[in-house]
Amino acid sequence: MEDTVEQPKAHGPHGYSARKDDHVKRLRRIEGQIRGLQRMVEQDEYCIDILTQVSASTKALQSFALSLLEEHLRHCVADAVEHGGPEADDKVAEATAAIARLLRS
Amino acid sequence: MEDTVEQPKAHGPHGYSARKDDHVKRLRRIEGQIRGLQRMVEQDEYCIDILTQVSASTKALQSFALSLLEEHLRHCVADAVEHGGPEADDKVAEATAAIARLLRS
Amino acid sequence: MEDTVEQPKAHGPHGYSARKDDHVKRLRRIEGQIRGLQRMVEQDEYCIDILTQVSASTKALQSFALSLLEEHLRHCVADAVEHGGPEADDKVAEATAAIARLLRS
Amino acid sequence: MEDTVEQPKAHGPHGYSARKDDHVKRLRRIEGQIRGLQRMVEQDEYCIDILTQVSASTKALQSFALSLLEEHLRHCVADAVEHGGPEADDKVAEATAAIARLLRS
(Lines give C-alpha, C1' and ligand atoms only; values in the text may rest on other atoms or scores of the structure.)
Protein backbone atom coordinates (compact mmCIF):
# COMPACT_ATOMS: atom_id res chain seq x y z
CA MET A 1 0.00 0.00 0.00
CA GLU A 2 3.10 2.24 -0.28
CA ASP A 3 1.42 4.57 -2.74
CA THR A 4 3.39 7.71 -2.13
CA VAL A 5 3.04 10.55 -4.60
CA GLU A 6 6.65 10.25 -5.72
CA GLN A 7 6.23 6.62 -6.71
CA PRO A 8 7.13 6.43 -10.43
CA LYS A 9 4.07 5.38 -12.43
CA ALA A 10 5.69 2.25 -13.79
CA HIS A 11 5.83 0.92 -10.29
CA GLY A 12 2.36 1.86 -8.95
CA PRO A 13 1.60 -0.12 -5.84
CA HIS A 14 1.46 -3.25 -8.01
CA GLY A 15 1.78 -4.38 -11.59
CA TYR A 16 -1.96 -4.46 -12.09
CA SER A 17 -2.69 -1.02 -10.63
CA ALA A 18 -2.62 0.76 -13.99
CA ARG A 19 -5.56 -1.34 -15.14
CA LYS A 20 -7.47 -1.37 -11.85
CA ASP A 21 -10.67 -0.02 -13.39
CA ASP A 22 -10.66 -2.71 -16.08
CA HIS A 23 -10.20 -5.40 -13.48
CA VAL A 24 -12.99 -4.11 -11.26
CA LYS A 25 -15.34 -3.86 -14.26
CA ARG A 26 -14.49 -7.43 -15.21
CA LEU A 27 -15.18 -8.66 -11.68
CA ARG A 28 -18.51 -6.81 -11.61
CA ARG A 29 -19.53 -8.67 -14.76
CA ILE A 30 -18.59 -11.96 -13.09
CA GLU A 31 -20.59 -10.94 -10.00
CA GLY A 32 -23.55 -10.36 -12.34
CA GLN A 33 -23.08 -13.86 -13.80
CA ILE A 34 -23.16 -15.38 -10.30
CA ARG A 35 -26.37 -13.49 -9.52
CA GLY A 36 -27.73 -14.81 -12.84
CA LEU A 37 -26.95 -18.33 -11.61
CA GLN A 38 -28.96 -17.70 -8.43
CA ARG A 39 -31.94 -16.59 -10.52
CA MET A 40 -31.62 -19.68 -12.74
CA VAL A 41 -31.73 -21.96 -9.68
CA GLU A 42 -34.65 -20.03 -8.15
CA GLN A 43 -36.61 -20.24 -11.40
CA ASP A 44 -35.96 -24.00 -11.74
CA GLU A 45 -34.10 -23.70 -15.01
CA TYR A 46 -32.71 -26.82 -16.62
CA CYS A 47 -29.61 -28.24 -14.86
CA ILE A 48 -27.55 -28.45 -18.04
CA ASP A 49 -28.21 -24.75 -18.83
CA ILE A 50 -27.03 -23.85 -15.32
CA LEU A 51 -23.87 -25.95 -15.78
CA THR A 52 -23.16 -24.16 -19.07
CA GLN A 53 -23.39 -20.83 -17.26
CA VAL A 54 -21.08 -22.11 -14.48
CA SER A 55 -18.50 -23.01 -17.16
CA ALA A 56 -18.75 -19.48 -18.57
CA SER A 57 -18.21 -17.90 -15.12
CA THR A 58 -15.25 -20.18 -14.37
CA LYS A 59 -13.72 -19.25 -17.73
CA ALA A 60 -14.19 -15.55 -16.98
CA LEU A 61 -12.49 -15.97 -13.58
CA GLN A 62 -9.58 -17.87 -15.13
CA SER A 63 -9.20 -15.21 -17.78
CA PHE A 64 -9.14 -12.48 -15.10
CA ALA A 65 -6.48 -14.50 -13.23
CA LEU A 66 -4.36 -14.80 -16.38
CA SER A 67 -4.38 -11.07 -17.03
CA LEU A 68 -3.42 -10.38 -13.41
CA LEU A 69 -0.67 -12.99 -13.62
CA GLU A 70 0.71 -11.50 -16.84
CA GLU A 71 1.01 -8.07 -15.24
CA HIS A 72 2.57 -9.64 -12.14
CA LEU A 73 5.24 -11.36 -14.25
CA ARG A 74 5.81 -8.19 -16.28
CA HIS A 75 6.22 -5.93 -13.25
CA CYS A 76 6.75 -7.53 -9.85
CA VAL A 77 8.73 -10.56 -11.03
CA ALA A 78 10.70 -8.53 -13.59
CA ASP A 79 11.59 -5.95 -10.89
CA ALA A 80 12.80 -8.69 -8.56
CA VAL A 81 14.88 -10.21 -11.35
CA GLU A 82 16.50 -6.84 -12.09
CA HIS A 83 17.43 -6.43 -8.44
CA GLY A 84 18.75 -10.01 -8.49
CA GLY A 85 19.60 -12.10 -5.46
CA PRO A 86 17.46 -14.65 -3.68
CA GLU A 87 14.37 -12.46 -3.90
CA ALA A 88 14.18 -13.08 -7.65
CA ASP A 89 14.11 -16.84 -7.07
CA ASP A 90 11.47 -16.44 -4.36
CA LYS A 91 9.23 -14.40 -6.65
CA VAL A 92 9.46 -17.00 -9.42
CA ALA A 93 8.69 -19.83 -6.96
CA GLU A 94 5.75 -17.85 -5.56
CA ALA A 95 4.32 -17.20 -9.04
CA THR A 96 4.73 -20.87 -9.98
CA ALA A 97 2.87 -21.94 -6.82
CA ALA A 98 0.03 -19.56 -7.73
CA ILE A 99 -0.12 -21.06 -11.25
CA ALA A 100 -0.23 -24.56 -9.70
CA ARG A 101 -3.21 -23.52 -7.54
CA LEU A 102 -5.02 -22.17 -10.62
CA LEU A 103 -4.35 -25.43 -12.50
CA ARG A 104 -5.75 -27.47 -9.64
CA SER A 105 -8.87 -25.34 -9.15
CA MET B 1 -40.07 -21.71 -6.80
CA GLU B 2 -43.12 -23.22 -8.53
CA ASP B 3 -43.16 -26.27 -6.27
CA THR B 4 -46.83 -26.93 -5.98
CA VAL B 5 -47.98 -29.75 -3.74
CA GLU B 6 -49.47 -31.73 -6.63
CA GLN B 7 -46.16 -31.94 -8.45
CA PRO B 8 -45.19 -35.64 -8.55
CA LYS B 9 -41.99 -35.98 -6.52
CA ALA B 10 -39.97 -37.90 -9.09
CA HIS B 11 -40.37 -35.04 -11.49
CA GLY B 12 -40.01 -31.99 -9.21
CA PRO B 13 -39.23 -29.34 -11.70
CA HIS B 14 -35.68 -30.74 -11.76
CA GLY B 15 -33.35 -33.05 -9.91
CA TYR B 16 -31.79 -30.21 -7.96
CA SER B 17 -35.06 -28.59 -6.86
CA ALA B 18 -35.13 -30.36 -3.49
CA ARG B 19 -31.91 -28.64 -2.50
CA LYS B 20 -32.65 -25.28 -4.10
CA ASP B 21 -32.07 -23.31 -0.89
CA ASP B 22 -28.66 -24.94 -0.36
CA HIS B 23 -27.66 -24.08 -3.90
CA VAL B 24 -28.76 -20.47 -3.64
CA LYS B 25 -26.91 -20.08 -0.31
CA ARG B 26 -23.79 -21.52 -1.89
CA LEU B 27 -24.03 -19.14 -4.84
CA ARG B 28 -24.50 -16.17 -2.46
CA ARG B 29 -21.25 -17.11 -0.73
CA ILE B 30 -19.51 -17.22 -4.13
CA GLU B 31 -21.02 -13.81 -4.98
CA GLY B 32 -19.52 -12.54 -1.70
CA GLN B 33 -16.12 -13.94 -2.71
CA ILE B 34 -16.30 -12.09 -6.05
CA ARG B 35 -17.13 -8.84 -4.24
CA GLY B 36 -14.18 -9.56 -1.95
CA LEU B 37 -12.00 -9.78 -5.06
CA GLN B 38 -13.21 -6.34 -6.18
CA ARG B 39 -12.25 -4.87 -2.81
CA MET B 40 -8.82 -6.53 -2.99
CA VAL B 41 -8.17 -4.95 -6.40
CA GLU B 42 -9.48 -1.55 -5.25
CA GLN B 43 -7.25 -1.64 -2.17
CA ASP B 44 -4.18 -2.61 -4.22
CA GLU B 45 -3.66 -5.90 -2.45
CA TYR B 46 -0.82 -8.13 -3.52
CA CYS B 47 -1.41 -9.90 -6.89
CA ILE B 48 -0.57 -13.34 -5.54
CA ASP B 49 -3.12 -12.98 -2.72
CA ILE B 50 -5.75 -12.04 -5.29
CA LEU B 51 -4.84 -15.08 -7.41
CA THR B 52 -5.20 -17.33 -4.35
CA GLN B 53 -8.69 -15.95 -3.79
CA VAL B 54 -9.56 -16.49 -7.48
CA SER B 55 -8.53 -20.16 -7.10
CA ALA B 56 -10.83 -20.48 -4.07
CA SER B 57 -13.78 -18.99 -5.99
CA THR B 58 -13.16 -21.24 -9.00
CA LYS B 59 -13.03 -24.26 -6.71
CA ALA B 60 -16.31 -23.23 -5.07
CA LEU B 61 -17.95 -22.87 -8.50
CA GLN B 62 -16.68 -26.28 -9.63
CA SER B 63 -17.93 -27.84 -6.44
CA PHE B 64 -21.39 -26.28 -6.95
CA ALA B 65 -21.34 -27.65 -10.53
CA LEU B 66 -20.47 -31.14 -9.29
CA SER B 67 -23.33 -31.25 -6.81
CA LEU B 68 -25.76 -30.06 -9.49
CA LEU B 69 -24.39 -32.66 -11.90
CA GLU B 70 -24.73 -35.46 -9.35
CA GLU B 71 -28.41 -34.63 -8.81
CA HIS B 72 -28.91 -34.37 -12.56
CA LEU B 73 -27.46 -37.88 -13.09
CA ARG B 74 -29.46 -39.24 -10.15
CA HIS B 75 -32.77 -37.82 -11.32
CA CYS B 76 -33.06 -36.53 -14.91
CA VAL B 77 -30.66 -39.05 -16.48
CA ALA B 78 -31.97 -41.94 -14.36
CA ASP B 79 -35.57 -41.07 -15.34
CA ALA B 80 -34.65 -41.03 -19.01
CA VAL B 81 -32.88 -44.37 -18.67
CA GLU B 82 -35.95 -45.90 -17.02
CA HIS B 83 -38.15 -44.70 -19.87
CA GLY B 84 -35.54 -46.10 -22.29
CA GLY B 85 -35.35 -45.31 -25.99
CA PRO B 86 -33.23 -42.72 -27.74
CA GLU B 87 -33.96 -40.08 -25.09
CA ALA B 88 -31.77 -41.97 -22.60
CA ASP B 89 -28.83 -41.84 -25.01
CA ASP B 90 -29.44 -38.15 -25.67
CA LYS B 91 -29.45 -37.35 -21.95
CA VAL B 92 -26.15 -39.18 -21.42
CA ALA B 93 -24.57 -37.40 -24.41
CA GLU B 94 -25.85 -34.05 -23.11
CA ALA B 95 -24.44 -34.67 -19.62
CA THR B 96 -21.08 -35.75 -21.09
CA ALA B 97 -20.92 -32.56 -23.17
CA ALA B 98 -21.58 -30.50 -20.01
CA ILE B 99 -18.77 -32.35 -18.20
CA ALA B 100 -16.45 -31.65 -21.16
CA ARG B 101 -17.25 -27.92 -20.89
CA LEU B 102 -16.47 -27.97 -17.17
CA LEU B 103 -13.16 -29.74 -17.83
CA ARG B 104 -12.21 -27.15 -20.42
CA SER B 105 -13.14 -24.14 -18.31
CA MET C 1 -15.87 -56.88 -30.42
CA GLU C 2 -18.62 -58.71 -28.48
CA ASP C 3 -16.19 -61.60 -28.19
CA THR C 4 -18.26 -64.62 -27.60
CA VAL C 5 -21.80 -65.14 -28.77
CA GLU C 6 -22.92 -66.28 -25.34
CA GLN C 7 -21.78 -63.10 -23.59
CA PRO C 8 -24.96 -61.44 -22.34
CA LYS C 9 -24.93 -58.04 -24.03
CA ALA C 10 -25.90 -55.93 -21.06
CA HIS C 11 -22.94 -57.19 -19.11
CA GLY C 12 -20.08 -57.35 -21.66
CA PRO C 13 -17.24 -57.07 -19.30
CA HIS C 14 -17.82 -53.31 -19.17
CA GLY C 15 -19.51 -50.50 -21.00
CA TYR C 16 -16.36 -49.61 -22.88
CA SER C 17 -15.55 -53.15 -24.01
CA ALA C 18 -17.24 -52.78 -27.38
CA ARG C 19 -14.79 -50.05 -28.32
CA LYS C 20 -11.70 -51.58 -26.71
CA ASP C 21 -9.62 -51.44 -29.90
CA ASP C 22 -10.39 -47.74 -30.40
CA HIS C 23 -9.39 -47.00 -26.82
CA VAL C 24 -6.13 -48.91 -27.06
CA LYS C 25 -5.26 -47.16 -30.36
CA ARG C 26 -5.96 -43.82 -28.74
CA LEU C 27 -3.73 -44.63 -25.77
CA ARG C 28 -0.93 -45.75 -28.12
CA ARG C 29 -1.07 -42.37 -29.82
CA ILE C 30 -0.80 -40.68 -26.41
CA GLU C 31 2.14 -42.97 -25.54
CA GLY C 32 3.77 -41.76 -28.79
CA GLN C 33 3.20 -38.14 -27.73
CA ILE C 34 4.91 -38.79 -24.39
CA ARG C 35 7.89 -40.36 -26.16
CA GLY C 36 7.91 -37.28 -28.41
CA LEU C 37 8.17 -35.13 -25.28
CA GLN C 38 11.22 -37.14 -24.14
CA ARG C 39 12.91 -36.52 -27.50
CA MET C 40 12.10 -32.80 -27.27
CA VAL C 41 13.74 -32.57 -23.84
CA GLU C 42 16.76 -34.63 -24.97
CA GLN C 43 17.24 -32.42 -28.02
CA ASP C 44 16.99 -29.22 -25.96
CA GLU C 45 13.92 -27.92 -27.75
CA TYR C 46 12.42 -24.63 -26.65
CA CYS C 47 10.52 -24.83 -23.30
CA ILE C 48 7.39 -23.19 -24.68
CA ASP C 49 7.18 -25.72 -27.53
CA ILE C 50 7.45 -28.54 -24.99
CA LEU C 51 4.67 -26.96 -22.89
CA THR C 52 2.44 -26.73 -25.98
CA GLN C 53 2.97 -30.44 -26.57
CA VAL C 54 2.19 -31.21 -22.90
CA SER C 55 -1.13 -29.34 -23.30
CA ALA C 56 -1.93 -31.47 -26.37
CA SER C 57 -1.22 -34.71 -24.47
CA THR C 58 -3.29 -33.62 -21.48
CA LYS C 59 -6.17 -32.75 -23.81
CA ALA C 60 -5.91 -36.17 -25.48
CA LEU C 61 -5.99 -37.89 -22.07
CA GLN C 62 -9.03 -35.86 -20.97
CA SER C 63 -10.79 -36.66 -24.20
CA PHE C 64 -10.10 -40.40 -23.70
CA ALA C 65 -11.47 -40.09 -20.15
CA LEU C 66 -14.64 -38.40 -21.42
CA SER C 67 -15.37 -41.13 -23.94
CA LEU C 68 -14.83 -43.81 -21.27
CA LEU C 69 -17.07 -41.89 -18.87
CA GLU C 70 -19.83 -41.54 -21.45
CA GLU C 71 -19.88 -45.30 -22.03
CA HIS C 72 -19.81 -45.87 -18.28
CA LEU C 73 -22.87 -43.66 -17.78
CA ARG C 74 -24.62 -45.24 -20.75
CA HIS C 75 -24.05 -48.83 -19.60
CA CYS C 76 -22.92 -49.44 -16.02
CA VAL C 77 -24.80 -46.53 -14.44
CA ALA C 78 -27.90 -47.09 -16.61
CA ASP C 79 -27.91 -50.81 -15.66
CA ALA C 80 -27.72 -49.97 -11.97
CA VAL C 81 -30.54 -47.45 -12.33
CA GLU C 82 -32.73 -50.05 -14.04
CA HIS C 83 -32.10 -52.50 -11.22
CA GLY C 84 -32.88 -49.68 -8.76
CA GLY C 85 -32.10 -49.71 -5.06
CA PRO C 86 -29.11 -48.26 -3.23
CA GLU C 87 -26.69 -49.58 -5.88
CA ALA C 88 -27.98 -46.98 -8.36
CA ASP C 89 -27.19 -44.18 -5.91
CA ASP C 90 -23.76 -45.65 -5.22
CA LYS C 91 -22.93 -45.80 -8.93
CA VAL C 92 -23.94 -42.17 -9.43
CA ALA C 93 -21.86 -41.08 -6.42
CA GLU C 94 -18.89 -43.09 -7.68
CA ALA C 95 -19.13 -41.54 -11.17
CA THR C 96 -19.40 -38.03 -9.67
CA ALA C 97 -16.29 -38.64 -7.56
CA ALA C 98 -14.41 -39.74 -10.69
CA ILE C 99 -15.52 -36.55 -12.49
CA ALA C 100 -14.33 -34.50 -9.49
CA ARG C 101 -10.89 -36.15 -9.73
CA LEU C 102 -10.71 -35.34 -13.45
CA LEU C 103 -11.66 -31.71 -12.77
CA ARG C 104 -8.96 -31.41 -10.12
CA SER C 105 -6.21 -33.03 -12.20
CA MET D 1 23.19 -33.13 -25.77
CA GLU D 2 25.27 -30.66 -23.66
CA ASP D 3 26.37 -29.02 -26.90
CA THR D 4 29.65 -27.30 -26.33
CA VAL D 5 32.05 -27.67 -23.46
CA GLU D 6 32.48 -23.93 -23.13
CA GLN D 7 28.78 -23.23 -22.70
CA PRO D 8 28.44 -21.45 -19.36
CA LYS D 9 26.34 -23.72 -17.14
CA ALA D 10 23.88 -21.05 -16.05
CA HIS D 11 22.75 -20.59 -19.62
CA GLY D 12 22.73 -24.16 -21.00
CA PRO D 13 20.75 -24.27 -24.20
CA HIS D 14 17.63 -23.66 -22.11
CA GLY D 15 16.55 -23.10 -18.54
CA TYR D 16 15.58 -26.72 -18.07
CA SER D 17 18.79 -28.22 -19.47
CA ALA D 18 20.47 -28.60 -16.08
CA ARG D 19 17.72 -30.96 -14.99
CA LYS D 20 17.30 -32.77 -18.31
CA ASP D 21 17.83 -36.22 -16.81
CA ASP D 22 15.19 -35.62 -14.15
CA HIS D 23 12.72 -34.50 -16.79
CA VAL D 24 13.36 -37.49 -19.03
CA LYS D 25 12.99 -39.88 -16.06
CA ARG D 26 9.73 -38.23 -15.15
CA LEU D 27 8.41 -38.55 -18.70
CA ARG D 28 9.43 -42.24 -18.80
CA ARG D 29 7.35 -42.84 -15.68
CA ILE D 30 4.38 -41.12 -17.37
CA GLU D 31 4.96 -43.28 -20.48
CA GLY D 32 4.79 -46.32 -18.16
CA GLN D 33 1.48 -45.05 -16.74
CA ILE D 34 0.04 -44.73 -20.27
CA ARG D 35 1.14 -48.29 -21.07
CA GLY D 36 -0.51 -49.34 -17.78
CA LEU D 37 -3.73 -47.74 -19.04
CA GLN D 38 -3.53 -49.81 -22.25
CA ARG D 39 -3.20 -53.00 -20.18
CA MET D 40 -6.16 -51.97 -18.01
CA VAL D 41 -8.36 -51.50 -21.09
CA GLU D 42 -7.15 -54.77 -22.65
CA GLN D 43 -7.87 -56.67 -19.44
CA ASP D 44 -11.36 -55.15 -19.13
CA GLU D 45 -10.67 -53.46 -15.83
CA TYR D 46 -13.41 -51.39 -14.21
CA CYS D 47 -14.04 -48.03 -15.94
CA ILE D 48 -13.79 -46.01 -12.74
CA ASP D 49 -10.38 -47.52 -11.92
CA ILE D 50 -9.17 -46.55 -15.39
CA LEU D 51 -10.47 -43.00 -14.90
CA THR D 52 -8.61 -42.77 -11.59
CA GLN D 53 -5.41 -43.77 -13.37
CA VAL D 54 -6.07 -41.17 -16.13
CA SER D 55 -6.36 -38.48 -13.42
CA ALA D 56 -3.01 -39.59 -11.98
CA SER D 57 -1.32 -39.37 -15.40
CA THR D 58 -2.83 -35.95 -16.13
CA LYS D 59 -1.61 -34.72 -12.74
CA ALA D 60 1.89 -36.05 -13.45
CA LEU D 61 1.92 -34.25 -16.84
CA GLN D 62 0.74 -30.98 -15.26
CA SER D 63 3.39 -31.27 -12.59
CA PHE D 64 6.08 -31.83 -15.24
CA ALA D 65 4.77 -28.75 -17.08
CA LEU D 66 4.93 -26.65 -13.91
CA SER D 67 8.56 -27.55 -13.21
CA LEU D 68 9.49 -26.75 -16.82
CA LEU D 69 7.61 -23.46 -16.59
CA GLU D 70 9.32 -22.49 -13.34
CA GLU D 71 12.75 -22.99 -14.91
CA HIS D 72 11.63 -21.08 -17.99
CA LEU D 73 10.57 -18.10 -15.88
CA ARG D 74 13.74 -18.32 -13.81
CA HIS D 75 16.09 -18.41 -16.79
CA CYS D 76 14.71 -17.49 -20.21
CA VAL D 77 12.20 -14.87 -19.04
CA ALA D 78 14.62 -13.46 -16.44
CA ASP D 79 17.37 -13.17 -19.10
CA ALA D 80 15.03 -11.33 -21.43
CA VAL D 81 14.00 -8.98 -18.63
CA GLU D 82 17.65 -8.21 -17.85
CA HIS D 83 18.30 -7.37 -21.50
CA GLY D 84 15.14 -5.24 -21.45
CA GLY D 85 13.34 -3.89 -24.47
CA PRO D 86 10.36 -5.35 -26.30
CA GLU D 87 11.77 -8.89 -26.09
CA ALA D 88 11.07 -8.97 -22.35
CA ASP D 89 7.41 -8.14 -22.98
CA ASP D 90 7.22 -10.75 -25.72
CA LYS D 91 8.63 -13.44 -23.44
CA VAL D 92 6.12 -12.65 -20.71
CA ALA D 93 3.24 -12.69 -23.20
CA GLU D 94 4.49 -16.00 -24.61
CA ALA D 95 4.74 -17.57 -21.15
CA THR D 96 1.24 -16.33 -20.26
CA ALA D 97 -0.18 -17.84 -23.44
CA ALA D 98 1.45 -21.18 -22.54
CA ILE D 99 -0.09 -21.01 -19.05
CA ALA D 100 -3.49 -20.28 -20.63
CA ARG D 101 -3.15 -23.39 -22.82
CA LEU D 102 -2.31 -25.49 -19.74
CA LEU D 103 -5.35 -24.10 -17.90
CA ARG D 104 -7.63 -24.95 -20.80
CA SER D 105 -6.29 -28.47 -21.33
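Structural remarks
Labels for the chains are A, B, C and D, by order of writing; each one numbers its residues from 1.
Quick note on the criterion: a contact is a pair of C-beta atoms (placed from the backbone, for glycine too) under 8 Å apart; a residue touches a chain by one contact, two chains touch by 3 or more.
Since this is a predicted model, take the numbers as computed values, not measurements.
When the contact pairs of A-D are matched by residue number against B-C, C-D or A-B, over half are shared only with B-C. Across C-D and B-C, the chain pair carrying more C-beta contacts is C-D.
Mean C-alpha positions place chain B and chain C at a centre distance of 23 Å.
Within chain C, residues 62, 69, 95, 102, 104 each touch two or more of the remaining chains. Touching chain A in their complex are the following residues of chain B: 1-2, 13-17, 20, 23-24, 27-28, 30-31, 34-35, 37-38, 41-44, 46-48, 50-52, 54-59, 61-62, 64-65, 68-69, 71-72, 76, 94-95, 98, 101-102, 104-105. Partner chain D is touched in their complex by these residues of chain A: 62, 66, 69-70, 73-74, 77-78, 81-82, 88-89, 92-93, 95-96, 99-100, 102-103.
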